[in-house]
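To start, the structure under review is shown below, and the notes come after it.
The letters A, B, C, D and E name the chains in turn, as written, and every chain counts its residues from 1.
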C-alpha cells in the first residue's frame, strides 16, 4: 500500500522545504557522528570495543533511516529501519558467545 | 501558528537527539575502557535515538507510519541495553579488567593485554 | 542538502571499506565489515532503492556476520601480532591505474535519474515494464513484477542456486546432520 | 581459575535469553509480513525469508545451537528448502501441462480466472521465502556442526 | 608409580588451559595419577633452537597449570614432561601416532588425551586421522578433551498451553495489523491470521515459560506508570553523565559493584537489569541467579543503585504496592564494592554458591510471573 500511504502523507510534508532541509542536514550530522564512532571500531583495542562501536553505528543507522524517510518523503525507509531495530543486537549477542573459549560454548 | 510550534518542536527534538548522540560519540572515543564505553553506547545513544525519532514522529503527524517510529523506539529500548550487557559480559568472560582511577594503563597496554590473552 | 548527506555517507563507506581491506585479523575484519554493510544499506536507501536496502539490512545485520563468525569459531584462526595487512606495492599500482581510469570515465556518466541515464539505454523494455507492469501482473511493486513475472525464469534459476548452495555446503562439510533423526 | 565443576560451567545469560524471548515473535511476524507483502511494498520474500532465518539464528545464539536444532528437527529445515524449490517448480510446470510455457502466469487467468497476481504471489510466498529461510538455517546448523572427517569409532 | 597415567600431547593452542584442567580433573577423580605432557616436534628442514625453546616454554607453562589445578584435589599428582621427535623426521599422521604410541607404551600410560585443537604442525589439522591411527593400540584409550567449558543450559522449551498460544497469537496479529496499516482489506486479515498462527505455534514454547495469569492485566497498568518514571530517571541521569563526559577533565571513578536485588524470576530480573543499564552510569555486567554485577561510572550512580529506587519500582510493577516497601539493598547488606568479578560475594556464605538461575526460580516462594514482556502489548 506504499502509494496510498505516501499520498496520505503528502499534507504532512507540506509544512515546507524548511523541515525537509532540517531532516536532511540532521541526517548528514548524524552521519558525521557515525564517522567519529567508526574511529573506535578501527582503534579497538579489544574485539568488544569494535563490536560496541558497530552496535552504536547500528542504532545511528536506524535514526538516519528514519530521518531520511521523513526528509525524502519515503515512508518505506522506516521498514528498513525496523529490520535494524530488530536484528542489530544479534552481533553483540553472537560475539558474547564467540569470545568465550573461542566459541566452545556455542 | 500551530504549524510554527510544531516546526519548532521538531527542530528542538532533533537538536536534543543530536546532542545526546554527540555525547555518546564523545564517550565512545574518550572513555578509558570497554566497560565505561558501553555505558554511553547503551544510554546516551538510546536517548539520542529516542529524541530524534520523536522528532520524526511529530513530522509524520498522527498516522500509521508515525506509529512505526514508536515501534522502532520500543525495539531500540529493549535491544540496546541487552547488546551493551552482552558486550560487557563478553569482556568480563575474557578477563578484561575494568579501568579504575588508580590505574594508569593506556589503550596500548590494554591492547597488549588483549593480544596476550588470545 | 542531500549532496551534503551523500558526501558524508560516502566518506563513511570509504573509510569502512578501506578498514575492511586493511585489517589483518579476521575477527576484526568481520566486525568492521558489518559497519560497511550499514553504510551500504544507507546508500541504497538514499538512492531510493528500498528493496536493495532491505536485502542489505536483512542479510548484513542478520545472516552474513553470524555465519562468518560461526565459521571462524569452527576453524583455526591464524594468530598474528600485526594489526594491519602488509601493503602489496604492485597491487596498489595496478589498482591505482584502474582507479584513475574509472574516475576519468565517471565524469561522462549522466546524473542519477537524468533523461539520458543508463536506465533508459534500452528504452523500449524499460518503458514497457514501467507502463505495463501493473496491468500485466496486478502487482504494485514493479521490482516484484519484474522478478517474479517478466524475469521468472531468472528468478527460478536463482532460487535453485540458493538451494544448491545449501546442498553443496552439506556435501562439502560431509555432514550427516540432516539424515539422522 | 575457578576450578570446581559447578562455577566453571558456563551458564547462559538470563538477560539475553529473556530479550530474545521477547523479540523473536516480533521478528518472525515481521519476516512473515514482508514475505506476504512483497507484491505491494518494498521488501519481499527474499528479505522476509532472510529475517525468518535470522530469527532462528537469534534463538540458537541465545539458547545454544544443539538444543535449537533438536527443537527445530532437521526435517523442518529440509522441508522448507526442498519444499520451496518444489513449489516453485510445480507452479511453473502447471501451465506446461496444458501446453503453455514454463512459468506463464497469465495462463491461470485464462484457464481458471485466477488473477495473474496470485501466480506471482505463489512463487514468492511458497517458493522463494521458504528456500531462503531453509537454506539460511541449514547452512547455520551445518557450519555449527563443524567439519568431520569420515566417522571413525575410536572407542574400541 | 601409580596405575593411572595420562599422556597429553600438546601443541600451541588456545584451548590448552582447558585441556590441562580437564586432564587433571578426570585423572585425579579416582586416586593419585601421573600426567605426562609431551611435545612432538614437527619435521623441519633447518633445526633451530628457538623451536625447542618454545616447546620447553610451552611444557613448563602447562606443568605450572597442572600443578595449580592439582592442588585443588586430595590425590597426589605427578607431572612429567618430554619432547619427542627431536631426532626423527616425522612426516605423516601414522609416524606421529607411532611416536606417541611408543612413548605411551614405554611409560605405561593407559590413556592418551588430546587437546581439541591439537595440531602437530605438519601442515593440516590431523586430529581425526591421529586418533584413528592410535585407536589401533590396545594398551591405552584415546580421548579428546571437550572444547571449552561445558555449558549448562536450562531447557528452553516450556510446555505449551492454550493461553500461551492465544497470547502470542494476539500479540503477533496486532503487530501484523499495525504494520499492514489497513486492517479492513481481506488479504491482510487472512495473511495476518496465517502469520500469527505460525508464530503462535512455532514460538509459544520459546516465549513463555509460564502461563499468563490473571495478574497480567494489573501489571500492564502498572507498566504504564513505570515507563514515564523510567524515562524521567533516564533523562535526569543522562544529563548528569553528559556533563561528566563533556567535562574537560573527565571526572569518572569507575568501580565494579555487586547487588542482590529483592526481585525474583527471570522477566523481572531482566526488566530490572535492562533498566539499570538504560539508566546512565550503571551497566549490568553479569547476572548469576539473583546476583547482579554492575559496573558504575560515577559515585552518584553508585549511590542511586544502592538506594534501590529502580528495584522498588520494578517490585511495584510486578508484585504490587506492598512489595515496594522492602528496604534498600544497602540496608539489607546486599550491596558491595568489588575489585574483581571472580571474588565471591559477601552473602554467598549464607546460601552456598550462586545457584543456577532456573533452580533459584523453581524454589521461589514468590508468585510465579509471566515470562513475557507486558510491554509487548503497549505497542
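The criterion applied here is as follows: a contact is a pair of C-beta atoms (placed from the backbone, for glycine too) under 8 Å apart; a residue touches a chain by one contact, two chains touch by 3 or more.
Bear in mind the structure is a predicted one, so any value in this text is a computation, not a measurement.
Touch-path distance (fewest steps) from subunit D to subunit E is 1.
The most distant chain from subunit A, with centres taken as the mean of CA atoms, is E. Comparing the centres of all chains, each the average of its CA atoms, the largest separation from subunit C belongs to E.
Judged by contacting C-beta pairs, the busier of the interfaces A-D and B-D is A-D. The mean-CA centres of subunit A and subunit B are about 12 angstrom from one another, to the nearest whole unit. One simple way to say how far apart two chains are is to compare their mean CA positions; for subunit B and subunit E this gives 25 Å. Centroids of subunit A and subunit C (each the mean of its C-alpha atoms) stand 18 Å apart. Once the centre of each chain is set as its mean CA position, subunit B and subunit C turn out to be 27 Å apart. Shared interface positions of subunit A, defined as residues touching 2 or more other chains, are 1-2, 5, 44, 47, 51, 53, 76, 79-80, 82-83, 86-90, 93-96, 98, 100-103, 105-106.
In subunit B, the residues touching two or more other chains are 38, 46, 64-65, 68, 71, 75, 78-80, 82, 84-86, 88-89, 91, 118.
Taken residue by residue, subunit E touches two or more other chains at 14, 148-149, 151, 179-181, 273-274, 284, 286, 373, whereas all remaining positions touch fewer. Subunit B meets subunit D in the complex at residues 75, 78-79, 82, 85-86, 89.
Contact residues of subunit E toward subunit B in the complex are 14, 178-179, 181, 234-235, 238, 241-242, 245-246, 250, 252-256, 273-274, 277-286, 293, 295, 297, 340-341, 373, 375, 378-379. Those residues of subunit D whose C-beta lies close enough to touch subunit A in the complex are 10, 13, 16, 19-20, 23, 26-27, 30, 34, 40-43, 47, 51, 54, 57-58, 61-62, 64-65, 144.
Across the complex, subunit B is touched by residues 5, 8-9, 11-13, 15-16, 18-19, 22-23, 26, 29-30, 33, 36-37, 39-40, 43-49, 51-53, 55-56, 59-60, 62-63, 66-67, 69-70, 75, 78-79, 81-82, 85-86, 88-89, 92-93, 95-96, 98-100 of subunit A.
Those residues of subunit D that touch subunit B in the complex are listed here as 13, 15-16, 19, 22-23, 26.
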